[in-house]
Amino acid sequence: MARHSPYVRDKLAEALPAPASTTGFIGWMRQNLFDGPFNTILTLVALYVIYAVATPVIQFVFVNGVWVGEDRTACTTAAQGGVQPDGWFGGCWAYVEAYFNQFMYGRYPFEERWRVNIAAILLALALVAVLVPSFPLKRWALLYSVTIFPVATVVLLTGGHFELGGFFFGLSSSMGLSPDFAFFGDLLIVAIIAVGIGFIAARATGSSARSIVIPIIVAFAAIAVVIAIFAADFGLAPVETAVWGGLLVTLVISVTGITVSLPFGILLALGRRSQMPVIRSLSVIFIEFWRGVPLITVLFMSSVMLPLFLPADTDFDKLLRALIGVALFSSAYMAEVVRGGLQAISRGQYEGAMALGLKFWQMMRMIILPQALKLVIPGIVSTFIGLFKDTTLVLIIGLFDFLGQIQTSFANPNWASPVQSLSGYLFAAFTYWIFTFSMSRYSIYTERRLHTGHKR
Amino acid sequence: MKNILRLALVAAFSVAGAAAASAGTLQDVQAKGFVQCGSNGSLPGFGVPDDQGNWTGLDVDYCRAVAAAVFGDSNAVKFTPLSAAERFTALQSGEIDVLSRNTTWTMTRDASLGLNFVGVDYYDGQGFMVRKSLGVSSALELSGAAVCTNTGTTTELNVADYFRSNNLEYEVVAFQKGDEVIAAYDAGRCDVFTTDASGLYAERLKLTNPDEHMILPEIISKEPLGPVVRQGDDEWFNVNKWVLNAMINAEDLGVNQANVDQMLGSDNPEIRRLLGAEGNFGEMIGLPNNWAYNVIKMVGNYADVFERNVGPDTPLGISRGLNALWKDGGILYAPPIR
Amino acid sequence: MSDATGNGSGERTFFLNDPKVRAVIYQVVMVAIVVWAGWSIIDNTAVNLKERGIPFGFDFLTAPSGFGVNQSLIPYSESSTYGDVYWVGLLNTLLVAVIGVFFATIIGFLVGIARLSHNWLIARIATVYIEVIRNIPLLLQLFVWYFAVLRLLPDKREALDLGPLGLVNIAGYYAPMPMFGENTWMVGVALLLALVLAFGIRMWARRRQMATGQQFPVGLTTLGLVIVLPLIAYLMSGDPVTFEYPELLRFGPRGGLRVIPEFIGLLLALTLYTAAFIAEIVRAGIMAVSHGQTEAAHALGLRNGPTLRLVIIPQAMRVIIPPLTSQYLNLTKNSSLAVAIAYPDLVSVFAGTALNQTGRAVEIILMTMLTYLALSLLTSAFMNWYNKRVALVER
């Protein structure tokens, strides 16, 4: 069979290499950059744009950047009273360095800044615990993030030792208890009333009393413990929020806003899809109102009018007011994102869940929300990013967030120079960008990870 | 309602916690142990905190004096930095107890905002700052100029009046924050920066090259600056009024921070009344009898405060001028303590 | 979801277990809470206002304002009222919003298409632009434009000469001001005529195509008509439009149409920021049209241009328009950041200056919020209507 014939090949010829013009770097360039005259022109224009943008940036940041210096002389030209040659134009990073601590902590007292650092470590731990999917002991990690972390952070940052007072028609106060005890006395009274109502309701509907009463007791016990911790004296000096500033305030507002807006947003979204007309219309009004007005007017309102809405003697922290404004605002946006997810879940999922005999909240918790939230992760994260960026607006109502602190530093003549503001803003932009960009990358990562089932 | 809200607030955040029921500002202040004072926050010489958060300034020292009178401790005071825009609402809403933030006393503010002006602690007037290179020597040459100012201030209204009444064209660029005004002027957005003359001296320090700028001779308005309290609380109004009067009277009587202890033994009945050695003037306003002594000992008389914060030896270098005592050629005059 | 638990078997249950009864109870409780909260807010406010001696009412709107505003579309002077201040602010807000929407849409579409370009460099540049601009707070960008970049422009006495485009310096942009001669109306009439003609041709061409299948170059004809007719009218009426160019005098540029730098800064920041978001929306919209559509169009013999115009874009628009609406709304609402750089928009001049001069916080904030609310409800109503029009009819 295997006869050898001299003029017939018995094996295939080696494939010739592809023409040099289609492979390797050159081929790639020809295909992607220079195929046709139009594209070639585009490429040349693009190269020029890159050159025109990159050169001054590199010049400003690196070539001409000043990294060490004591005061403005380091960052001003001879004509302006400094040491730089005429025509010099570069970043004043020495100024950023000199103010770095203020940008981070604001005017938080020097000797107490270790508390902020610990809070930052706690935050990092919480983030890792929540965000890294393979983190061990996930359940405990989550528990830490919603209990120990917030409570410890509040105590650390403010110093704790809150003063309490009776709040329930002065019942306990009238019994001659001190304000601290009066608070817990009143709390006990309210708890007993709540347990009573729960018990009656359980009896009336014929469900087991235990399943209703125990959660109520647990909830009140938790409130009591948390408030007891807030009221306890850990020997930390109180630090009022007026001296907080810099990145600290930015993070406090954004982390609080993010944690508050997600659950509230889910509730509002459910409310908007509820079949009860009153609840639905209230949700719609709430959502559309907050989405229809600019955040800055919300902040104006919370800083100027909120005290008027409340009883005359309520003492109301300025930072807290901004927090409330930001949280309400972002909840409305979150609600719309979540609603999008809920709408995308097919009716069959609801019907299947009901057929299994699940109650409303069980169905939501176990069937609908996990799917719906997964679908809208990009939306949720971009709402978070929006919220993080929007925290800058608090500087307009006189809080000193990261950007506000940088803006304030321009008023100090020590470092006044024509490049000061640009340097400060570049630093701010870089910092914000690091935060937001990593958030968006994380969202892409999670999206891929959770993209189960319908992969194509 | 009230109390449930308070629960929510206490539980959530509020460091100050539950204040006592609102009897009167003085009682509230005494109960919480400090005076909450609204001040400027970015005006050297009047109210500005340093990097460590230590506040200095003439307006700030007035608040310290109130704290000294109420508590015998000039440090029993907390400061809230306020923009011109926020200041009145902050006072109206009870966020602060007294507003001492270079605030001009006008009839509208006194009569329609629910506020009371305590008195005048600095007689000021509005002036103009320009670049020397502009080559003008009078405000009347400023036709067509762009004017940077602060929104929500009397200066914004005065500048409109002045340019209009002199038939000068102008463009107003009004910012929310003092720092932004000066930054825009420094950048060359405006030809003219206008605010109270005292403020011009203070803000000039923030410019890149202070020597390139000059202050024009015209003073176009009366700007009596003084502390403000809420209307309808006469007791607290009196406390604040008499702290200011005591400081001016102390200078009048020659009692200052350095010699107040010797003056305790003075035979002069006016001094004895001031320092609480005679009579019960403290009691009349709900304070300890040595209230004025504490003020002078801890903060000083008006001259001490003026020299320390804005006087010729400070970077601002402002002379007493109108703010000298009536008998020294100024118009500073306080009703007697008797 | 009150019907989630049915009471199936028909045996008598306690009334609280009936989902309909429960729904009623929940809603009654909800209404009670809302009414109580609303009432206590109003009550507290009334008590607080009274205690503090602050009057309430809208009479201040007729009082003279006494302050100046540096940009106004309607006649305004210091003796105008606070009511006028409101309109000045509102018009300034609308001005920056409309112009901003216009430019943001153009830039956004260009960048969005560029991001899908086959040209690797162009696609990368578009990506970098989007990722940088989207991830930096708008307020910061506003500050950079206004306090850092505009600061680099020549100062008031000098100016950068842009040739036929006018002059620019730190005090603003001085554009050539068109001066209309007496016969300018003829150009307008010609333009109107051209539009009417073009519309007629379009109708006719469509009918002919339906009947015979022959196509007619409607686009080119329209373009030609719209350009040529007014041009003829312009030349016939004797070159009536002249431009008043700004001149650089001793005290800086004079003449021309001046645009204040606050407007330029705000417009730049808003446009570039929103454009980055629009670009992403456009990209997502185009990607949402499946590749099969392109292939099918090619198989039918359509070339690239008609494929894009007749097949891809109409389908992409359906995906693009709803998020585009909310970007337009965002731009309008974000224009309120003007307050940080002294552009006299509604928030800056009314909720800022007027509020401070009158102290009427409640009334003014209320008016401002309701205005924005009305603006966004109107915009979304309009866009919903438009969306319905362009939405493909599903069969």
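The first chain written gets the first letter, and so on, giving A, B and C; residue counts start at 1 in each chain.
Just so we're on the same page, a contact is a pair of C-beta atoms (placed from the backbone, for glycine too) under 8 Å apart; a residue touches a chain by one contact, two chains touch by 3 or more.
Small disclaimer: the values here were computed from a predicted structure and weren't measured.
Among the pairs A-C and A-B, the greater number of C-beta contacts is found at A-C. Among the other chains, the CA centroid farthest from that of subunit A is the one of B. With each centre defined as the average position of its C-alpha atoms, the distance from subunit B to subunit C rounds to 43 Å. Distance between subunit A and subunit C, defined via averaged C-alpha coordinates, is recorded as 27 Å. Each chain gets one centre point, the mean of its Cα atoms, and the points for subunit A and subunit B are 39 Å apart.
Residue positions 304, 307-308, 310-312, 396, 407, 418, 421 of subunit A each touch two or more of the other chains. Multi-chain contact residues of subunit B, defined as those touching 2 or more other chains: 1, 89, 92-93, 176, 180, 183.
Counting partners per residue, subunit C has 48, 51, 147, 151, 339-340, 355, 361 as the residues that reach two or more other chains. Considering their complex, residues 1-5, 14, 16-17, 23, 26-27, 30-31, 34, 41, 44-45, 47-49, 51, 117-122, 125, 131-132, 134-141, 143-144, 147-149, 151, 333-334, 336-337, 339-340, 347, 351, 355, 361-362, 365, 368-369, 372-373, 375-377 of subunit C touch subunit A. Looking at the complex, you find that subunit C touches subunit B at residues 40, 48, 51-55, 66-70, 77-78, 147, 150-151, 155-156, 170-171, 251, 260-262, 339-342, 344, 348, 352-353, 355-357, 359, 361.
Those residues of subunit B that touch subunit A in the complex are listed here as 1-7, 9-22, 28, 42, 49, 51-53, 78-83, 86, 89, 92-95, 176, 179-180, 182-183, 186, 205-210.
Of all residues in subunit B, those touching subunit C in their complex are 1, 84-85, 88-89, 92-93, 109, 112-114, 144, 146, 151-153, 156-157, 159-161, 163-164, 170-176, 180, 183-184, 187-189, 191, 230-232. The touching residues of subunit A, when paired with subunit B in their complex, are 80-81, 102, 107, 109-110, 154, 158-159, 162-170, 179, 183, 223, 226-227, 230, 238, 240-243, 303-304, 307-308, 310-320, 323, 396-398, 407-408, 410-413, 416-418, 421.
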